[in-house]
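When the chains are written out, they are named A, B, C and D in that same order, and each has its own residue count from 1.
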């Protein structure tokens, strides 16, 4: 049994943790953010701790529903519900992103709640990323990153030097490398870690200061050297999708006779895929990494690339099947699911798409489907 | 003057006879295929209870989802307004009426003169309705009248979050199969319906005092949960809440031109 | 060799006992408070009828919603595989199975060994399930088993447009209030459900022969409408469609525990 | 369910026939006015097998436009609409086929020698062929596995492609807004057609940097088109089109502002039609003539203080327009004397295009694109909606606000608390209806009517 893994799993189960409170006590500002496009390096270089908002621990969306409607994504409703319950009171600011329509409206709703109900914090910023990867978009994005740095500097009275940014890039790259190391181990026939556990690791790492993350990951890497999971008779699967934080859900999938050895989840392995270049203009390097490598269906002109990278993952990790995860009412992943389904027919890999509401139950039906899918994959293999 | 109100809801038909603002009699019955018979029957029962002949009724007003099915009415009126009218007549301190019916939750805000201000209904999905409670209770074999008793016994309500009433029901069944107590489940169902009612309540930015109307309000455990969630007390009125709509309609009938009253147009 | 299969669904529980590939007994009953109780109960009945004891059974597999909670089963298998296998066993020319149960519906494509090759299961909405039929039948005030025969007599079926089963109920009520004929409404209900299932089945390769299982297969209205929409004929099965799931589980038990020769 | 037809453009042809018939009739506006008057009671009834086809036709023959002069204007517009449809179906043509997303006003595209198809218009075209056609297309797309949450317009577009109702494209142009549904569905369309696609990246804010970014995008688009169509942009033609667009916009903008008068001399219908026209006839002589005529008619009524409808009683401000329930407008008019005085779909708010040089044209075209309906509001922060909404409330003397929410517009639904707050502050009663602009499976017409009736009653408006 691995101690560090237990520590990390505990971290994943909660929204506030001692590392964050400690950082706050030391006077570091905590900045919440919503989406994988928000550059953590820049926030970090301004002396702050980026913290990804999660719905974990939320039971209902009662208050969130006073703003959002029943056809809005449950993740967003849960997170905003938590905000209205002052569960994010420890944040010094929130950065929103025009990721999807549901999430970007949180910028509006949060401001409204700030004005009408005094919901903190005061610093609410909209960070805008283009939807295409053209040169024009790149220039625009570069500009946005510079503006973002300026805003942080001004509002928090911080000095965001090139050197600081270079350091931040280095340490985030270190975190990425460590995560990649773990992923590398998952390629083994007997991986050291379950997919559910790995998701816990990945989610926890976005809720603590990066320095602590690196320490924990280093220990975890050592501890996992000798851990092996018996993969005998289990299918190797890859998960793809947007935000995913329900660890029990992956446990359920794995309990049907599989190990999730790889993922392309927004809150998962995709963040660690590619490092930021450590030479040249650091802002440009960050821009390049975030515009071209986040690999999200909100980018309209790069499905081929996304599909190719998924195909590569499936080959590298020798997976038997793909499971895609989407939340109800998500246009972006709905469309992506359809495209992946076509690709699965073209390339001949089995694929199952699951739709769920965040913390929404319905396990019985889901289990039947997953189990039948695994039985089907085995039938096809034999 | 004697007037009558008939509320043809999604689940029940209710009738109420009023004489000069006083209730004389009322009756209610499940809707069924032969709706005309049901309406006639309910009306007749209410008249009998009031001891009044049909021809003595000067004016008849209908309300509710199927208001148009009632024949020979003076006019029809929307149910949110009738429920508010009824509740306000019983207690003029009331500013908000939450009508929890078979398929719709409606919240109505009124001003200090009882004039309608605004109303809101729940989102189109049935998981926050009386019907859902009935279906769940049926699925786990709890008689409707004992729902409150069962819910009180629950220590750990299992909250069902599915948006769909039918799927929520199947989740209920799955949970039963997993050995969960039916007390926890019914408490969870009540919790989720009350949650939706509370959201609606928040949305309209309701003022005190609050009255609960509709068939669901007759379930004490529901009202309790609702109060807990919103941290407000609701006023209990001297009439079964399911009857507010029909009562309000009958009161409307007593007035001259109902559309002028409370008109907000400048 | 004696094997058994047990299917605990949401409404009914079934048990099947096989002896040397012959059905010895089968039993159907309504579910009890928990899946475990239902399973024990139905298996007791089946065993009693066959005059056997638990220890006589060489292997027992379970399926259905309650499949994980069954104490005496060695393995649980999804309903989808079991329905595929059960239908295949009943008639081995079957390649496509449409199963419409109480809580969901599935279209299953199997290979020449009865193993699942492809399947689809409804997940978006409850419309298109047996439960939806029950709710609508109740709104129309007819018994469930009358719905099929009644709809066969329809001349001008109504068109139910709503996607949501609860609101479909309201729509049915409105038609009732408008004094539309019960048979036309019944046909409208069956057509709506059949249409749901038919559109689901488009994403699975439809290979002949076809079979329909699950409780709703007893509703002739839905079945004949499905045949029309999919342009296929369903092969009647020799066994009661409701026990197919349990039967499939028993066959799996036999396959995986018998001596392969 | 009908067997899917194998014939290409079966639905489009039927729609074209209906439209041609309408155009023919509109040559006799007075007679058409009478036909309309006679048929109206049948049209505003609930849909049944008898009136299914002609009720939409009635809408087309002038929605609630009872003035023969307006009907004449409609006839002019329908010439271009017919030409558009004929063009789409003209498989023999050797001009390249360009698909362009429905929120792009395609002045630039028109300055090339191409045929154009707006995939989402198919939803409207199929309405003309009877309202079930749209649902059929949607079902077709959903059966294929397309995401059910996508905008029904996008689903019809994909359904049309599957049902051989869409022409084969050579290139596609799209944009990243107004909503995720567009962003996502164009990836689907591109995947299915496998042709080069250009995507304009729509900015979030309304500042100079944003406009500049979009302008750069337009330059990229021109380069892309020149390359893939192997043609040069005809700047003179573009200048002509821009000049025409300026005029047309001027008329339409004034038209939408005339509704401030009580009673309103115009309603949302001409504007909506021009919105349809924007896809088919924007920048064309006929398009301008239409705008000029409806403008002149409204001006005439304004002078005489006449209402657009027979008797105006309720002035409504709308959020989104349920095209599938088009006969709702005549019904509202007949039953309640309700007229839409302003809405977010038809309202034109834009800047004139400076035609002095290619640079100025592209600069201002960028602005007109970003000020176009849907795009103007949905792409940015809530203020883009709310500020305009507050202005409308101030200026248009509305009696109520109708939020006819559409299932695709998740971003709009996410704002409904703020809309409600604004209404509350202004003392404006508001009705929130959950519907869908093209998919009548979502909510029945009867249900929508019931909600309207209850709402008007409750608020003492009727």
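Assume contacts are C-beta pairs under 8 Å (C-beta built on N, C-alpha and C of every residue); 3 or more make two chains touch, one makes a residue touch a chain.
If you want to know which protein each chain is, UniProt gives these names: B, C = CoA-substrate-specific enzyme activase, putative.
These numbers come from a predicted model, not from an experiment.
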Select, from all pairs of chains, the pair with the highest number of C-beta pairs in contact. A-D
Report, in whole Å, the distance between the mean C-alpha point of chain C and the mean C-alpha point of chain D. 46
So, what's the distance in Å between the C-alpha centres of chain C and chain A? 40
Measuring centre to centre with CA averages, how many angstrom lie between chain A and chain B? 44
Mind pulling the residue numbers of chain D that touch at least two other chains? 144-145, 148, 417, 434, 443
Multi-chain contact residues (two or more partners), chain B: 65, 123-125, 167, 170, 174, 177, 203
Residue ranges of chain A touching at least 2 other chains are 66, 69, 71, 328, 364-365
Please categorise the chain-chain contact pattern as a line, ring, star, complete graph or other. complete
Interface residues, chain C side, partner chain B - complex: 8, 10, 31, 33-36, 65-66, 69, 102-104, 125-127, 129, 131-132, 135, 140-141, 164-167, 170, 173, 176-177, 182
Residue ranges of chain C touching chain D (in the complex, touch as defined): 124, 161-163, 167, 170-171, 174, 195, 198-199, 202-203, 229
Complex contacts: residues of chain D adjacent to chain B: 399, 417, 420, 424, 427, 429-430, 432, 434, 443, 450, 453-455, 457-462
Given the complex, residues on chain A that touch chain C span 355, 364-365, 368-369, 371-373, 375-376, 379-380
Chain A residues within the chain B interface of the complex: 59-60, 62-63, 65-66, 69-71, 328, 357, 359-365
